[in-house]
Every structure is written in structure tokens, then in C-alpha cells.
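Chain IDs A, B, C, D, E and F follow the sequence of writing; residue 1 opens each chain.
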Amino acid sequence: MFTHNKALQFETNPAAPDAAFARRLQEVLGGKWGEMTVAMQYLYQGWNCRLPGKYKDMLLAIGTEELSHVEIITTMIGKLLDKAPLSPDEADGTNEKSAAFGGSNPQHTIVNGGGASPQDSNGVPWSGAFVTSSGNLMADFYLNATAEMQGRLQVSRLFHMTDDKGVKDMIRMLVTRDHMHQMQWLAAIEELKADGLDGLPVPEAFPLEEEFDEFSHTFIHASDGAKAVDGRWASGPAPDGRGDFTSALIQAHGQEPELAPGDPRLYGTSVLEETEGLIAKAKDALK
Amino acid sequence: MFTHNKALQFETNPAAPDAAFARRLQEVLGGKWGEMTVAMQYLYQGWNCRLPGKYKDMLLAIGTEELSHVEIITTMIGKLLDKAPLSPDEADGTNEKSAAFGGSNPQHTIVNGGGASPQDSNGVPWSGAFVTSSGNLMADFYLNATAEMQGRLQVSRLFHMTDDKGVKDMIRMLVTRDHMHQMQWLAAIEELKADGLDGLPVPEAFPLEEEFDEFSHTFIHASDGAKAVDGRWASGPAPDGRGDFTSALIQAHGQEPELAPGDPRLYGTSVLEETEGLIAKAKDALK
Amino acid sequence: MFTHNKALQFETNPAAPDAAFARRLQEVLGGKWGEMTVAMQYLYQGWNCRLPGKYKDMLLAIGTEELSHVEIITTMIGKLLDKAPLSPDEADGTNEKSAAFGGSNPQHTIVNGGGASPQDSNGVPWSGAFVTSSGNLMADFYLNATAEMQGRLQVSRLFHMTDDKGVKDMIRMLVTRDHMHQMQWLAAIEELKADGLDGLPVPEAFPLEEEFDEFSHTFIHASDGAKAVDGRWASGPAPDGRGDFTSALIQAHGQEPELAPGDPRLYGTSVLEETEGLIAKAKDALK
Amino acid sequence: MFTHNKALQFETNPAAPDAAFARRLQEVLGGKWGEMTVAMQYLYQGWNCRLPGKYKDMLLAIGTEELSHVEIITTMIGKLLDKAPLSPDEADGTNEKSAAFGGSNPQHTIVNGGGASPQDSNGVPWSGAFVTSSGNLMADFYLNATAEMQGRLQVSRLFHMTDDKGVKDMIRMLVTRDHMHQMQWLAAIEELKADGLDGLPVPEAFPLEEEFDEFSHTFIHASDGAKAVDGRWASGPAPDGRGDFTSALIQAHGQEPELAPGDPRLYGTSVLEETEGLIAKAKDALK
Amino acid sequence: MFTHNKALQFETNPAAPDAAFARRLQEVLGGKWGEMTVAMQYLYQGWNCRLPGKYKDMLLAIGTEELSHVEIITTMIGKLLDKAPLSPDEADGTNEKSAAFGGSNPQHTIVNGGGASPQDSNGVPWSGAFVTSSGNLMADFYLNATAEMQGRLQVSRLFHMTDDKGVKDMIRMLVTRDHMHQMQWLAAIEELKADGLDGLPVPEAFPLEEEFDEFSHTFIHASDGAKAVDGRWASGPAPDGRGDFTSALIQAHGQEPELAPGDPRLYGTSVLEETEGLIAKAKDALK
Amino acid sequence: MFTHNKALQFETNPAAPDAAFARRLQEVLGGKWGEMTVAMQYLYQGWNCRLPGKYKDMLLAIGTEELSHVEIITTMIGKLLDKAPLSPDEADGTNEKSAAFGGSNPQHTIVNGGGASPQDSNGVPWSGAFVTSSGNLMADFYLNATAEMQGRLQVSRLFHMTDDKGVKDMIRMLVTRDHMHQMQWLAAIEELKADGLDGLPVPEAFPLEEEFDEFSHTFIHASDGAKAVDGRWASGPAPDGRGDFTSALIQAHGQEPELAPGDPRLYGTSVLEETEGLIAKAKDALK
């Protein structure tokens, strides 16, 4: 159950409108790695978590914090859109002004009337497919760490796309929380291991005797880049402690596959029999 | 540049048709974490990689191998679809047969004529948005490790959804390669650190002095689950070696935000001025 | 800023698993008119609202409540998925059991490991395009009333798709809240009018003198269904108090349009000039 | 059954090309609230309507008219795209010209060769998910009224994004028809009530004794905005005539939910039993 | 401008409900190659056509006919959905009945109340991206011929998925129109050539001297399937009358590409310079 | 099974950065008719092909070549993005520079760090729905010919959107391969006919006696464009050799359809019976 406070978790004000930056900010709001994604992902993982206790509690806490970040960014986008020019004619001042008009999102004015929307920096709507909640915390926590890295990478880049101190301060706050959240997920991964809840390879519970050993530690080389085997992934001990890496050129463990001719009622192109063609076969099937 | 051999990297044959399992196999072919995703993700990361050498070579090698896995699974789906019933009437035998018809994908017969398609187990098309290629190898390699974990998790589950030895053998091969690839990405992450190419927090090159220290190591508690602070993410040294974790209840560092009334030509609902309403303002703007 | 309590706003328990109903419940969780949509829609409208006071406060309050409904439904889906059969073979008992397997969502087990996901009852991901936040409260409140009507309609239908008392009780709670929320938005529409913030036609501020009067109150008949003009929309006073409805058959106020031949560098098919064909023109353009 | 006349329902000509405005016009052609949506929505509602007579006839009439609006806008977009610059170099004239190039849609030239496409102003394709046809006319007519409000709002905004008289005249026609259509749907809602076909809350036929009375008229306050209860939605008689509004702070009617550990073959993270870990359990399941 | 007649272009009645077939019929209504696609594709091509006369007139005529087919199929789906069971319990009769429930579309009842929707047989919404209107009639007419082939193929398959005479008769009508429409587009392609409007390769107007001759008639062999060169595409005269086909193994006309290190403010992984690492470079950039 | 060589199939270098052209190039990489589509389409057709021999071998060969084109274009996009300005301020030089900034793709810098992505020129992700693999080679080869025509058309247009010789040379190579591939598919269509594998109308195996003859050769005129019957599609012999084309005005072969009132538990609006309304009926159903 959620409650809301009108005060923002963090707030700054832009010095001037910038519709092009408002468009770009949408990436970290409603893009694949934006705040909508991490908020929903952590909450769904928390709700679906079948292990009561610290992990579930933590997921719900951080998911809730991310909702507050969604609020921070939508608010900033609204502020940046004030006084945006509505047409090329109105944007006809400096080159900077015309560049900003060209780089703005038409829906920000036409659809939202000067407000944010759950979409990315190209105007593609946020998708529920961005959320992963597998039920396996180890697999999901690695993804969560990644999400914070991609997120921090994107806000680090945005930091260089504006000179507005108010906007930069908001970005600095987001960069810093992404710093903390990277640390958090990496620590949680270690804790999962320490608690014996999972291990390598994930899921550890799948019995290794069902695997084919010849494929489990071999780097398969399918390109001619000779240096591909110069990394630690092609020799030396593997992180699972169950053997050493080796490498081999890709090779076939099968032949050219044979597919049966298929049901003639599906009218696919397939093998002609000797004395009758496909047409006759299909007609027979129809009788 | 690519070349192709008709022999499969791995091949087995199913003992009997199973259209419901053919539908389920689509998840690891064209779902978010399926072979289409990892093939394209590793190749795009390789093509976009601005660092020549072992990492780029390795990305192109593994991306190419994953293309061969796409081929393995599409072939198996085609085999599983042979002799699938075309209607409830044809499926009117055992309960198992009617369950399989109900659980099948109509497009497998209507659209593909007994073949696979780049879509997930619900028939939702594969999306280019599943591919992440950020230009930052550390962020991307964490995602790649995750992808192999989610992928191995899914094929581990599929292992229990069939009794067909031929199908299970193909799954065992995929489980095993996902095992190897998890190891590979974890080793590559270590190598990136050892080579000094990036570190924590990712991207390490963003200057920490631009961060707000009060936010960089604090677990913020926004839910009432008391155990959320019992994990390593809320106390003790952080993985970046730059301080200890602390925790705090979420609090506001801002106030209720104020948005300007907005351009009257956008007809948003906003503050009424004393002596004239919105209508008059908009009409003025039109003059 | 949001905070979360682990206790649910409302909770009941199902008597037995039902994977087909779990799939159907996804519609009111992640479908176009589900809880994800109303939660996000009301919150975005609140964040983008440029009029401080009761409307903005109310939007944020109800949006936050809807988040708690998302939590209620995800939890119920998790409970309904316990002990779901994993294959046609396991579903091979009664006809009811095979029907339920056929009607289940494969991703609930393969992807989510027995949990919910932000998608509809066909497995199509929730889309940010479902959210409308126009900045004009009158237009949006009509949509909000609609959303609660569509939502109540869907849960009313779901009420008849299960006999499980625990599940029905949850649905009764949702039906009732949709009842209240319909009332709420209809009352808010009246309040907006009473406060003079907008009126008919929405947006009232657009000057009527810019309209073409011959089109503003005429029902245009473009089909041969004679009864189409028997309703109140084709005669009598219009709700805007600005005239009476009339009706007329559709007629052309234009001619067959003429498009210019277009830029030859775009290689479209267009008018041949007398002495030279398209090819020559294009080649000239290339010089 | 449909027939077509080549003359347009309404036609004007632009004075000059404007590729940025051509992109913006796509919003009211192929956006969520554009003409494609209302045409298809009214036609599907008409086709699916199980009540013969005036409502069904009217739906088919207006849906058909909207098809003629699709034709009007596609034609205008084609005209606006004539002589659009193909590159930054060609756009290198005034600031207005470079703004217009930046704000144009690349697909208008590359894909369509100077023509329109069923997509919104950001180039996102129109989606069948924009269409709602519930079978319940009351719920759908509220949506239809909304659609005309959102539509009129968007064309009102577009009116201020061009100075071209020919384009503005087309917009004035669209604004006016949206005016009429708002009136029409509001009148139709009243007629549905007068005919006793439905009432509040929608659907009225769902028996109120199945509702929980404590939830049916209570505004639940989940945010700290004190003014949220100052509106008519929190006190006084409700529009359904069945009681007065009250308000209350949100409270839990449930506890922290408990989910069962789940099927070990799905490899989710769940409770460890005392004497054996998850791994052993899963291995047992595999035997 | 369009007008509508309530009588259907073609009508039959099903003998019995079949919710699984209703789901399957959605493919030829709202799938990629369904009636929605051809209706909209031909109309957009007609509206965007810059060549007045027979081609434009024909496009508008056939696009309008396809709208009537959309109406035929939506009507049939509504009829097939009557009396569909709402739950596994209601479907608990014969195996055929449970198969049909499992194979039905949940949205047909929950969302549409027993009606059709613009989506495919898996419930994925129709997309504007299915429409191609390039402005070049030759390229588009080949696509149109294809669309009728794919469409006829799908309805031919559906013909074998039901025994209901009324349904089969509707399918026979659709099969026959697809027959006619294939003929129509193939004849129109010939007419375009005869009229000198375009030729091979499409677009013929692009000057062949800009091409690289060594690539224009060579089948490039990138797989080891030896028979790939046994077809007419690898030897003999090419259809453009401009030379003979040849074949060659794929070979590189380039080297391993070199990408510059990239802007350090984007934090990509790139070449380390000798005396300073990436971090220092990025910090410098921030000064 | 695939292998990869690091050398490109074709390589040129741009003289200068051009972020607007980099955005436009995305269309032929990840748009509906781009290289991603043809690569995947030909490979899926090859994998699903149930006829061993020259067609299957050829499909796999050309699909593999197209993968090499994906690589060529991604590489060029990376090169074009070097030194792209990050903000309107940095783009504040010439009008050309501001036009290019406005016309660039924000994700190229924020998300990809100066690299390509599987999406179109508006940033909409590539979709698996772009791939058609029907199992019927004749239907699919017509689509493949179309794909090469649409593709050649688009690169022909791109040829005029840049003056950079290196970029133009890459486009010339792509134009030429699309030339060859058009020839290839047209030759393959003839070969399919010569081999007796299919014929007109596709699929030829569907028995013509199941068709309604009155619909098989008649151009149906549903628009008032008189010239629509002036083409070869309305008179003279049809390409199937089975009769002459005729033409007729569209006419109804059905009546206004009647839909049954529907299940009252779905709460649709339907016929009122004499002595009781919908509400009473629904309540009865609930007892």
C-alpha cells in the first residue's frame, strides 16, 4: 500500500527553457533504462518474491524510491517546456534556437500541453516488456546492477548536454543515486551467495549432471579475430570453480536438418513425389 | 562478413509432435532473453566497440555463435509442429491432446505453415528494443551476464515441460552453453577491471566530485519493511571502496513544485487571474 | 514523494489454483484499461497539472491509491499460479484441467516463475501510450470517467469467470472502487464547470468565431441507416446551449485533390511530360 | 459496405511547404486521438453493436465520416511536403528553414516519397490498441466524447503552429467537427439513459448487493495534499443518487501477503527448509 | 469521401459458436496480411499517388472494397462468439470443447464483450507499420500482389480449420477475391511497364552508371549449400536484359574497420593513450 | 552454423560527421524494409523451408550476405556520429549545423554512445513482425522481390541526401546489390513455375472448384473514379489463363447483419425485451 507526499524528494529549477533537453530527459524517464523501468521492475520483483524478509523488504523500498524519481523528472520536464516556440517561425532567432526547435518533441506541446509522458527520447512509448521479474533473485539482481550502470551512464552523458546549473544539479543527484544503487545490488548479490540462496551458474539448482561437459567451459570461436582467445574467458580457471576454460573453433555436431514435407493443407512448398505433384496431394486431402 | 554452413552446430530429433511446446520454445528464440536478443546484442556491441582487440574480437565470435543457436531452435520448432491438429475437432482425443491444442500458437499454422517466427511464447514480435549496446563495455558485460542467467533460467524451466528425450537433449545443450557464457562474461568483467578500462561505479570516469556525497552510500528506506536494512547494502563497506553504507528514511529535499501557468495557446487548465478568465487570455493570444 | 506499507489495501485468498484465470486477471492489471494505466494516468496528470489546489491534490491521491491496486492484483496472480501444470501431460486429467492449461499464459511460468507481469490477458506488454495527460483537466476527466467505466465493465465480466469465493471477493472490491471512481470523476467534471475553468465545447477557450458555423451543429449522415437521425444528436438543442442540432447527408466541399508531381529525386510515380519521361528528369536532377 | 467519391469532404491548399508542420499533422491523423482512431473506433463499435436501430446506425454514419477526414489530412500532408529540403545542406538558408528541417520526419521522404503514413507526430505507428469497442454503449460513448475533446484540443493547439491560411482553414473545419461530435456523444449519453439502456454506475446491471458498501462512496486519501477533500467528490450527494460522498485516509484491509514457496522446477528464490537447501529440493523434483 | 450501406457485401451464418476459430479469424482481419492492412495500404497509396488517372482511381476503388471485407469478418467473429464458455468450468464437457476454450482469445469476452478487435490471432494489435505506401507504384504493386498471395494462403489454411458450412462459404468468398486481386496487381504491373512509368530494376530512373557493375548481376555465395548456384538466378540472362547472371563466393572488399575513440564525454570504452587513462581525459573534458 | 570474418564485405569512409544522415541511414538498417529485415526474412524462410535443394540453399546464402550488410551500415553510422554536437549550444554555428542537430537521433548519443541500433529513422525499434516466412516459396519470393524494390528505392533517395563521396559509394554498393537481388527473386519466381512447384493464383493447390466464380475475375468498383476500369485489370485475359477480366459496381450479397443479444453476463448493450430490461436479465443470470 502506498502513500504520497507532495514535497519532492529533490528539487531544483532550470534557469531557462530548453525543449531539446526536455526531449532528451525523456530517455531517463521513459526509456528502456529509465526511472519508470527501475521503479516497476523493483516493485514487481518485490511483489512476486516468494522469500519473505530482507530481500523482499529491500525491493519494495527501492522500488518506491524510484517512483519518487519519476516524479522529479516529470516535474523538471514541465519546467523546461515553458515558453517553447510552437513553430519554425517562432524559432527563427539564433542558430541555437532553431537547433532546439528541431530537436524538440512535437507531442510535448500537441499532446501533453507542456508536460512529460511515459516515453523515450524518440517518443516511443514505455513498454511493460522493459520489466523483468523472473522469480530468481540472483538473475534479477545482476540485471538490477546493470540497470543502474546503464542509467548512470545515460545521466552522465546528459550532464554534458546542458549548461543550466539547476538542471545539472538534478542530474548530479540522479548520478549519485545510481552510484549508490550499483553498490546496493552488487552487495545484495554477495549476500545471496553468502546466504546459500543461489550460486554459479545461475540457477545453481539445475543439476550439472544434466549438462554436456564438452560445452560447459569452452569458448567457441566463430569469428576470425585472433585476439578473441587472449582474454581470461578462454583459459584459466572459470568463476564457478568447476574447471578451466578452453577454446575451440566452432564445429558442427549435427548435419543439414531434414524437415518432413508438412501437412498439404498448409500449402507449403515441399518435396514433389514421383507420380503426383503437390496440387494432387492437396486436393486429395480436401476430399 | 559472415559465412554459413548448412550443418547445424547441434541437432536432435523429437520423438513426437508437441505444438504447445513449440509455442513455449518461442520464448527462448524470440523472447526478450532469447537467442535473437543475445545474437544481435553481442554483434551490435562488437560493431559499435571503439576499442580494437580481444574484447571486440570476442563479442563478434560469441554473437556469431548465438546466430547458430537461433538456427537450432527454429529447426526444432519446425519438427515439433509436424502433424499438429488444425482445429478443436481434430484435437478431440485425449485431455492431453486438447490441452496441447489450446496451448498452441495459431500463427504457427496460419501464418508460418508449420514453422518458427521471431516472436515470444505469447506471439508478441521480437523487438529491437531488447538490444542494448551502450558503447561502455562494463555496463554491457553486466547485462550480458544477466542475459545468460535469465536465458539459463528459462531453458531450465523448459526442461521440465517435456518428456521428449530429443527435445530435452537440445535443452541440455542450451543450458550448458548458457553456463559457459555466464562464466565468460563474469571473467570478462574481471578482465576489464584488471585492464583499467573501467571500475566502480560505472562509468568510473565521471568525476565523483560532481556527486552529492549525502546520496552516494545511503540506503533510503521508503517502505515499512523493517528487515530492509538487515542486508549488506545498508551497512558495512561498499564495493567501490569509497565508504560505508548507511541508511535513512526517505525525506524530502524539495517542496511541492510550482509550475508556471503555461502558454494559453496550449489550452491547459491553469491559474485564473483576477479580472479575466482563461478564455479571455487565450483570445488575446489569438489576436 | 512516495512511501510504502507492506500490508495490502485489501486481501483475500483463492481456494485453488487457476492459471487460466491468472491469465485473464492480467487484463485488469496491465491491459489498456487496467490498474497500471489508471495509476500512471492519474499521477502524470497530477504531476503535469499547472493549477495548484484541490484538483492536483486529488489526482495525486487517487493515482497513489491505484498503485495499491496494482499490488493487490499482482499478489492474487501469484497465488493463483501455485501448482499450475507445466505441460499437456501434467494437465491430462479432467476436461476442465486441460481447458485451464490451454488457456494459461506460458510466460507466467517460463519467464516469471509463477508471478505477474505488466501485460494484458494476451501477453501484450503494457504501453506508455495508454496514458493520456493532456494538460486540460476537462478533457482528461472525461477520459478518467471512461477508464473507470471500462474498468468496472471488465471486472464485472471477470466476476462470472470464476467460482472461487476469495477471488470473487477481490473482484467485488475492485468493482466497488470503480463505482466510486466513476462518481468521483463525474463530480469533478461538474466542479470544473462550476469553477469556470472550462466548458463546452472543450477547450472552451478556443474562439468560436474561428469555427465554420455550418459544421458545428450538423449531424452528417454518411451511411444509409435511416434511424441514425432519430436520436437527440440530430435535432433539438445541443448541450453547448449554442444552437439546435440539424442533420444532412454528407456532401463534398472540395474536388478531387491535385498533388504536384513531386521531387524527381524521390522516384515516385508521377505525371509524364510530353517530350521526356521520368527517367530523363531524374537523371537531370542528378547532374 | 462502403463506396467512395473522389471529391474531398473539405479541401484547402497551403500557400507554402512546411515539412515540420506536416510532421505535426501526423498526430491528428495517426496518433492515439487522431482520425484513424475515431474512424476505426466508431466503425468497430457499430459492427459489434448488438442493438439494432438508431445507435448502431449513428455509429456507422459517423465512423464513415471520419474516414473522409483521414483522406483530408493525408492529402494536406502530401501538399505540405512538396519541395521539402532533403539534407541539412539544402536547409541551409534561414534559421526558420533549418528549424523546419530539424523538425521534419525523415520517413516522409525516405519511406513515403512525400506522403503521409498511419503514424503519430514522432513516427510511432498507429496501433489497433487505440480502438476500444466494449459492447457497452454507455462506457464507449463516454470514451467517444473524450476522444473528440482530446482531438479538438490537439487541433486547437495546431492552429497556433502555422500562419498559413489554407492550413488554418482545414484546421478550423476539424475544430468545428470536433465541436459537433462532442455535442453528439453527450446527447447520445443522455439518450441512452432516457431509453433505460444503462445508468450509473456503468454497467448498471451489475448487482449493487455484490459490492462492498464501505468502498462505494468514499474518497480515499493516499497523498498529503490537504485540499484533495475540498472538491465535490469528497462530500455531498454522489451522481448515482445512492448516497453521499465521504472521505478517509487510506488504510490496510489486509496484511503483508504470504506467497507459497513455489514449484522448485521453476528455480525461483524461496524459503530454505531446515535440513535441505533449494538445490536438493530441485534435484529431488527431477528424479 | 466515403459513404456506407448497411447491407454486407457478402454474408453467411455459422451453424454453431466456435471461439477458437473466432480467434483464428482475427489473423485475416487484423494480422500483418489481413483486411485492415490491405484496406489501409491501398487507400494510402491512392491518397499519396501523384499521378492522376486509372491507377489512382483503381487504388481507391479496391481500398474501399477491402473496407467492406473488414466489415464482413468482424460480423462473422461476433456471430462465432455467441455462447462461448466463460471459464474452464463451463468448458468442462468434451475434449473438443476444452480445446476450443483453451484456444480462445480472453479479450474477446473480457474487453470486447463478444466482438472483434483490430488485432491478430495472438491478440497483438494491428500496426500502422504494416502499411507501405512508397509513392512508387511499381514497388508498391509488387507488394500488393504479395499481400494477396499471403492473404489467400492464410484463408486457404483457415478453410481446413472448420467444418461449418456458413463459415467455409465466407472463406470461399475471401479466397476468390484474393484470387482476383492477385490477377489485378499482376496485370497492373504489366500496365505500368507498358505505359513506360517504371521498369527493372525498380526504380528504373536511378542512373545505372552510378552502380558498381561488379555487383549488379553476381549471385554471392555465403553459405556452403552447393545447389544454391543451380537456379536461374546464378547463370543465364537476367530479367533486366542488361547482362547475364554470374556467381562468386563472398569476399571482403574492405578491412577490419577502425572507429575513432569517440567523445570522452560519452564514456564509451576506447583506446587508452600512453600517459593517461580514460578517466583523466574525461575529467579534462569536464573542466 | 555461421562463421564471421572481421573484414567488411565493403567499406568506405565518410569525409565528415553528419548526425542527421546517421539518423536517416537507420531506415535502411532497422526500418521495415532495411537490412535487418531481409537478413532475418531470408534466413527464417531458409530454416523453415521443407524442400531441400537449390531454393533452400539459395535462401541461406543470401540471408547470410545480408547479415554482412547490417555490419556495413552499423559501421558507417558509427563513423558518421563522431564529433556530433551534444546540445543546441554546441550546434550553434551555421544554419546547416543547427539543421543537422535538430535532425539527429538523441539515442545515438545518450543510449548508444555514438553507435547504431536496430531501429528505424524515427527511432522506432525493429520488429519481428517485419519478417514473413509463410512456408510457401511463391508467396514469399514475391515479397522478397518487393523488399528489394522498396530497399533500392530508399537507398536511391538517400543518395540525394548527402554530398559525401565515401557515404555515396557505400550507397552505390547497396543500390547495386538491391538491383541484383531484384533480378534474383524474379528469376526464382520463374524457376518455381518452371519446376511446377506453384502457379497462379497462389497457392495453386487450393481447388478452384471451391471458389465462387462470379468473384474470381471481376474488378469491383467501389469508388466513382471513372478511369479505374481503363486498365488491363478490368478487361482482357487474366494472368491465370482462366478467363477474362470483367468489372461491376460493388453490390450487396447480404443484408444488414443481425447479431444475437449476447450473454447478459458480459453487460453489452442489447435488445430490451418487452416486460423487463437488461438489468433484470443480468441479475437473473447472476442467481
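As a convention for this text, a contact is a pair of C-beta atoms (placed from the backbone, for glycine too) under 8 Å apart; a residue touches a chain by one contact, two chains touch by 3 or more.
Heads up on the chains, UniProt names are A, B, C, D, E, F = Manganese catalase family protein.
Note that the structure is a prediction, hence the values are computed from the model and not measured.
**Student:** Can you check whether subunit A and subunit E touch via the same residue numbers (shared by over half) or via different ones?
**Tutor:** Same, since over half the interface numbering is common to both chains.
**Student:** Quick check: how many Å separate the C-alpha centres of subunit C and subunit F?
**Tutor:** Computed from C-alpha means, the inter-chain centre distance equals 28 Å.
**Student:** Can you check how far apart subunit A and subunit B are, centre to centre, with Cα atoms defining each centre and the answer in Å?
**Tutor:** Each chain's C-alpha centroid was found; their separation is 6 Å.
**Student:** Can you tell me which residues of subunit E touch two or more of the remaining chains?
**Tutor:** In subunit E, residues 1-9, 32-33, 48, 50, 55, 57, 60-61, 64-65, 68, 75, 78, 86, 94-95, 97-99, 101-103, 109, 111, 113-114, 119, 122-125, 127, 129, 132, 134-136, 138, 153, 156-157, 160, 203, 206, 210, 222-223, 225, 250, 252, 256, 259-260, 262, 265-268, 286 touch at least two other chains, as defined above.
**Student:** Work through the pairs of chains, note which ones touch, and then classify the graph as line, ring, star, complete or other.
**Tutor:** Looks like everything touches everything, fully connected.
**Student:** Taking the complex as given, what residues does subunit F use to touch subunit C?
**Tutor:** Interface residues on the subunit F side: 153, 156-157, 160, 256, 265-267, 285-286.
**Student:** Can you name the residues of subunit E that touch subunit D in the complex?
**Tutor:** The contact residues of subunit E facing subunit D are 1-9, 30, 36, 40, 43-44, 47-48, 50, 57, 60-61, 63-65, 67-68, 70-71, 74-75, 78, 111-119, 125-129, 131-136.
**Student:** In the complex of these two chains, what residues of subunit B are touching subunit C?
**Tutor:** 18, 20-21, 23-24, 27, 31-33, 94-103, 120-124, 153-154, 157-158, 160-163, 222-225, 250, 252, 256, 258-262, 264, 266-272, 277-279, 281-283, 286
**Student:** Give every residue of subunit F touching subunit A within the complex, in rising order.
**Tutor:** Those in contact with subunit A are residues 1-6, 48-52, 55, 86-89, 91-95, 97-99, 101-107, 109-111, 113, 119, 122-125, 134-138, 192, 196-198, 203-207, 210.
**Student:** Using the touch definition up top, name the residues of subunit A that touch subunit B in the complex.
**Tutor:** Touch list, subunit A to subunit B: 5-12, 32-33, 53-58, 60-62, 64-65, 68, 72, 75, 78-79, 82-84, 86, 109, 113-114, 124, 127, 129-130, 132, 134, 136, 138-139, 142-143, 145-146, 149-150, 152-153, 156, 159, 172-173, 175-180, 182-188, 190-191, 194, 200-203, 206, 210-213, 215-223, 225-228, 230-233, 236, 238-240, 245, 250-257, 259-260, 262-263, 265-268.
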